[in-house]
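Quick one: structure below, then a few questions.
As written, the chains take the letters A, B and C, and residue 1 is the first residue of each chain.
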Amino acid sequence: MKFNTFGRTAAVTALAALALSGCAANEDTAAGGGSSESASELTGTLVGAGASSQQSAQEAWTTAFQTANPDVTIEYDPAGSGAGRDTFLAGGSAFAGSDRAFKDDEIAEGDFAACAPDTGIVEIPAYISPIAVIFNLEGIDTLNLDAATIAGIFNGSITTWNDEQIASQNPDAELPDTAITPVHRQDDSGTTENFTEYLGAAAPEVWTDEADGVWPLEGGEAASQTSGMIDAVTGGEGTVGYADASRAGDLGTVSVKVGEEYVPYSAEAAAAIVDASPMAEGRTEGDLAVEIDRTSEEAGVYPIVLVSYLIGCEEYTDPASAELVKAYFSYIVSEEGQQEAADAAGSAPISSDLFDKASAAIELIK
Amino acid sequence: MTASATTALIPAKQRPGDRIFSGSALVAGSLILAVLAAVAAFLILQSVPAVTTNPEDISILRGVNLAEYVWPLIFGTLWSATIALVLAVPVAIGIALFISHYAPRRLAQGLGYVIDLLAAVPSVVFGLWGGNVLAPAVQPFYSWLEQNAGWFPLFAGPASGTGRTILTASVVLAVMILPIITAICREVFLQTPVLHEEAALALGATRWEMIRMAVLPFGRAGIVSAAMLGLGRALGETMAVAMVLSASGGVTFNLISSSNPSTIAANIALSFPEAYGVNVNVLIATGLILFAITLLVNTIARIVVNRRKDFSGAN
Amino acid sequence: MSQLTAPPKAGAPTGAMPNSYATGRLPRFVPLIVLAGSLVIMFAVFALFATADPSGGFNAAGAVFLAVVLYGAVIYFVARMIEGPRRAKDRLVTTLVTLAFVIALLPLVSLLSTVLLNGTARLDLTFFTNSMRNVVGEGGGALHAVTGTLFMTGAAAIISIPIGLLTSIYLVEYGRGRLAQAITFFVDVMTGIPSIVAGLFAYTLFVIIFGPGVRLGIAGAIALAVLMIPVVVRSSEEMLRLVPNELREAAFALGVPKWLVVLKVVLPTSIAGLTTGIMLSISRVIGETAPLLVAAGYTNNMNYDLFEGRMQSLPVFVYSSYVSQGTEAQAYLDRAWTGALTLILIVMALNLLARFIARAFSPKLSR
């Protein structure tokens, strides 16, 4: 009798395994790896982990790369930037995706287990995505706001939509007297870090908190993940939030004041700010950490962007992963790769200028 | 026959089968202790750096010390779980009574199955449902509460614009723990000695008086232990709370505003992906605290149950 | 209760001998009439509101709720006047208990209808024959997640059911003294392990053994087993205790060794309860997200090997489809809801199977 109780679950599992033992219909070549005619000679599994912001883009890149190289499997684990950097540091993955570059002291102290001793790391800003300031107001699709007003809305000093500060910048809009409900991310995120960095840099007199992945102010409406943010803003009236621009959908978006003009978010404007920004100083040749110039007044730049990095070793202890990483990174920064990500994830393709720098950095990988 | 031989118990004949069987049962029991010890050891070892490192060097604490960081989380955990329990227990007892003593016998089993179905719904789905269906549905009610019952501290407002408040999260938690509490209460009520029930009815008691005098006293210990099992689940629930609750504030009893304290489990889930270095240890230390809280709750429950046992009709 | 105070009621013919059992009682149809009346009144009131303020719409749920409240109040006072306070209280409690059940049904109906409405969009063959490898945007399926869930939950069940059952047998049949007390207490403690902590524990355990960054299906299974064991022990213990001692004693009297008594008498007698408890524990863990996210990782590919490589599971699939939607958000949302629906269907199927097995193997009792 006892066997039946134990064995039942085992039997269920076995039955299920039998039923499912045929491979997934879309994976005929993947498991066996027997496709001898493929043009590529790359084989193996490449493991990466990191930022969940890159997940959609990574799926697109992985798909295209695996199609071109049928014997390769790329596992990108969207565990989060911090987890991704820690995993890469410990040697648990061959590359990492991260919403920020390693800091100088982290590189100095860091003993990157996957890399050959005393060699540097490669950091490539390959995923650039504009962050849209989104709002839900009936009948209004777009608003012009400067940094100080945005900061005022989010720190609670501007409380209604027909506030003088908003109205003066939007003479044509019929603003209701609805209360403003600012929504922020409650999880630790790169989006929040970039957004607060922008507020702090562009409106220092209104926004006095330091840039942080965790929302620095107490109180207010909070939602988890981009999806939660979109749901919360969509579900309320008079709500305002910030999210990856590709997810803005039908919500109203803010054109941000840069110099003397108001710039709506766009892929080109987001890529332009990265070009207009200086590289971080004191980095190695392959380390393309960018310090975004949030106060840039150049024409046509959109300053609220999330730059997510691909991080790998300059020299791997394992030559097989070096080869795979190099090929995969080269594909990602290429024009096709960037276009794939733009289609699937709404990111901004990198400029040809940045492409040249990135290609040079990838060449260092061995 | 000598006196000594008769008073000593005659040892049962030990067969090999017996020894193997009782031995493996003993091993299984001890294995549980070992697993638990391993979990506790892991939690404690991983928490040590969080305590020994200078708080100023830990970015996640943002300038406060560990205790100040954890306190709102502990409060949020206990507060949301308590509300959930207050909401769930009366309803669960009602359902259990309905199934065991009110519903027609043929119907009762089917109804029990329906409630058990709730236990099968994954927590992610509860999260999606709570955030996208329940919260917008109850938001107007919160605005109404703020206007009409704002003098009462629990409903002081300002009412949340999206309905993602700690009350909503607690309702979701209550729905999640309902099937557990119901299932156990139901079993306990069904075990009430039929003689007790019939005796009460024979004395002219109404159905409610019979339940109050025979069923509830008999089931009191069972109700308490069911409630504590539910509380344990509510304290540790992660995803549903993380997806429903708008957690942005410190300690507050306000039920309907958007500034709520987070819970320990939800905070771990939300902060873990971006945590690095010693921040991970801080999060695990909060996990250890949650573990200690559940230990405390269980101890109290056991003491209560043991004390009550003497007065219940079970003997 | 004097009959004189009670007004003559319809159905009780005046002049005839009063039925002594029915005196002072409300006829059976009175509650039904009161209920119907309250429903009509409340629907009328709400319909008035709806016509007065068309923007509000007709609130059926509110009407039903207030109607039930009205019913409770009316039946209490009617019964109090005619039947006396004790019976009135009884009727009030009956109303409350039924109300509790209806209240519990509301979220269940709302939840299931939400999942069904959204989940049927992608409930097609592709969903069950494809994985997510090389899928961007629309299409793709959850075969990898379904297999992963079955494998990991199955492995967790294989680990925890023997341990849990044997432990409960020890506690009920053998355990005496301090060790048994300690096990009982610590099993209670174990029910309180937060799921994410179990995941962190399993992950760290495997990192110590296999090196950094390792994510395996079996690690997920271990995490689930840690959550599952206490539920199995608790429920099985209760069920084993229900077996009447007379059965055991009868078997002992026939000279049956103890282990055979447990195997042939105690377990078969309680098998229905045991399977229920085990199914409860499986439903408890099959929907866990957080521990699997940490311990088993995330993948878009098929994986049949618990001991090699990452493994996807349905809850993680649902969560990540919801959290990271690409530009074609609807395709991701559809997959998430269908995944949730699939998970509920799997649990329902397992439940039915368990009931069938319990019925097939439990001893045929006369009652």
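Following the convention adopted for this analysis, a residue touches a chain if its C-beta (ideal position, glycine included) is under 8 Å from a C-beta of that chain, and two chains touch if they have at least 3 such contacts.
If you want to know which protein each chain is, UniProt gives these names: B = Phosphate transport system permease protein; C = Phosphate transport system permease protein PstA.
Given the structure is predicted, the values throughout are model-derived calculations rather than measurements.
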item: Contact pairs, highest-scoring chain pair; value: B-C
item: Chain separated most widely from chain B, comparing mean CA positions; value: A
item: Chain A-chain C separation of Cα centroids, rounded to whole Å; value: 38
item: Intercentroid distance (Cα basis), chain C paired with chain B, Å; value: 14
item: Chain centre separation in whole Å, for chain B relative to chain A (CA means); value: 37
item: Per-residue multi-chain contacts in chain B, two or more chains; value: 272
item: Sequence positions of chain C contacting 2 or more other chains; value: 162, 165, 263, 322
item: Chain A: positions in contact with at least two other chains; value: 52, 79
item: Residues of chain B defined as touching chain C within the complex; value: 12, 15, 17-18, 20-22, 24-33, 35-36, 38-39, 42-43, 46, 90-95, 97-99, 102-103, 111, 113-126, 128-129, 133-134, 175, 178, 182-184, 187, 191, 206-209, 211, 228-229, 232, 235-239, 264-265, 268-269, 272, 284, 287, 290-291, 294-295, 297-299, 301-302
item: Contacting residues of chain A [partner chain C, same complex]; value: 1-2, 4-6, 8-10, 12-13, 16-17, 20-21, 23-27, 30-31, 45, 47, 49, 52, 55-56, 59-60, 62-63, 66-67, 73, 75, 77-79, 87, 90-93, 113, 225-227, 246-247, 249, 340, 343-346
item: Touching residues (chain side chain B, partner chain A) in the complex; value: 60, 62, 131-132, 135-136, 139, 160-164, 242-243, 246-250, 258-259, 262, 270-277, 279-280
item: Residues on chain A engaged by chain B in the complex (per definition of touch); value: 52, 79-83, 85-86, 179, 181, 183-184, 186-190, 212-224, 228, 231-232, 235-239
item: Complex contact set, residues of chain C against chain A; value: 126, 129-137, 140-141, 143-144, 146-147, 150-151, 154-155, 157-158, 161-162, 165, 211-215, 263-264, 267-268, 271, 274-275, 278, 282, 293, 297-302, 304, 309-310, 320, 322-327, 329, 350, 353-354, 357, 361
